[in-house]
Amino acid sequence: MTAITETFTVHSRGKGTYEITDRVDAILQKSGIQTGMVTVFIQHTSASLIIYENADPSARVDLEGYFERLVPENAPYFIHTQEGADDMPSHIKMVLTRTSEVIPVARGRMTLGTWQGIFVFEHRKASHHRVVSVSVVGV
Amino acid sequence: MTAITETFTVHSRGKGTYEITDRVDAILQKSGIQTGMVTVFIQHTSASLIIYENADPSARVDLEGYFERLVPENAPYFIHTQEGADDMPSHIKMVLTRTSEVIPVARGRMTLGTWQGIFVFEHRKASHHRVVSVSVVGV
Amino acid sequence: MTAITETFTVHSRGKGTYEITDRVDAILQKSGIQTGMVTVFIQHTSASLIIYENADPSARVDLEGYFERLVPENAPYFIHTQEGADDMPSHIKMVLTRTSEVIPVARGRMTLGTWQGIFVFEHRKASHHRVVSVSVVGV
């Protein structure tokens, strides 16, 4: 049985989705695990994770547009506004998506579907360095 | 220590929730694991997973109706529309719910609450074969 | 390789967020695991889990207010109303947040970010005893 935990950093450049599938897979390959599970975790409260279609970019444009409408900046009832108009919506968008994802491993590969990729969903306007930790456990 | 990963297919017949608790439990029982965790993962971007009340069907009717209102078809701002009016809403509903769930195992059983069941949440109108992968790790 | 699963109870006193980071960490410390993963799971369908900012309480006030608006009580289309006006919204809020979270472990510590805490998000008005199960697997 093997267990490893590693981290990597994603340099985001504003709101949007940033694919990290290859970086997660590199840690799995390094572990040598054939059967088990991969946990992906983002160490932030204003960015999140999603597993999303990685084929047609228009699906990502619509996703990001929808979230802007669902959690608008400058809602009159927000009181947590000191860090900017995009701060409180970023926390809510994070809660509505995911902080952790776990992907089963079979025959040394993550069991992702054909169109699935793992993404960091950045909710802040400014550039950020986002730390993702990945844990692999299995045999 | 044991680790197994298996898959099964759910035949969905339109939008709605389809319980898979027994199918997940069968893989756990086959593994023989007494203590550890079960990961459930759906290999699609237009269907998702939820853990939900499995007693009163009216709670599922209201859930599905709410999601239809929250993410309406034919929103004028969607550009990813080639695959039908229910396609882009299906991706968003998936992101708002879950792709993976992990359930702790104690004494050979998932520690689900009395009213909790594991469901595939199908977001497309047409029938689909949905692949679910399940990984069990423990002792 | 070690695997343990334990449960604890959170006594909620109405809608709101209740931090449980220390209680989860206590189970990790008891396990002695240095590398692996911690799964946190809530055994209910009207309360959920979030990983959220634990520094400025105003961020939690705004989160809770947003969810009240997003999933209002007494929506005219709800039919699952026998258990009170806050029951059906509680199920939906649970689905929109998380039932399970998994946190990688490195050097005997959860890899939480500086501002991240683990919270039970209670969606019912009345007091409840909420059972959280925690599973730790690793070496």
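Here are a few things to note about the model shown:
A, B and C label the chains in the order they appear, each numbered from 1.
Quick note on the criterion: a contact is a pair of C-beta atoms (placed from the backbone, for glycine too) under 8 Å apart; a residue touches a chain by one contact, two chains touch by 3 or more.
Note that the structure is a prediction, hence the values are computed from the model and not measured.
The pairing of chain A with chain C is characterised as different-residue: of all residue numbers used at this interface, under half are used by both copies.
Fitting chain B to chain C on C-alpha positions gives a rotation angle of 120 degrees, to the nearest 5. Each chain gets a centre from the mean of its Cα atoms; for chain A and chain C, those two points are 19 Å apart.
In chain B, the positions touching at least two other chains are 1, 37, 70, 96, 98, 102, 137. Within the complex formed with chain B, the residues of chain C that make contact are 1-5, 7, 37, 39, 41, 43-45, 70-71, 75, 77-80, 88, 91-92, 95-96, 98-100, 102, 131, 133-135, 137.
Contacts from chain B toward chain C in the complex involve residues 1, 35-37, 50-53, 56, 58-59, 61-63, 65-66, 69-70, 96-98, 101-106, 111-116, 137-139.
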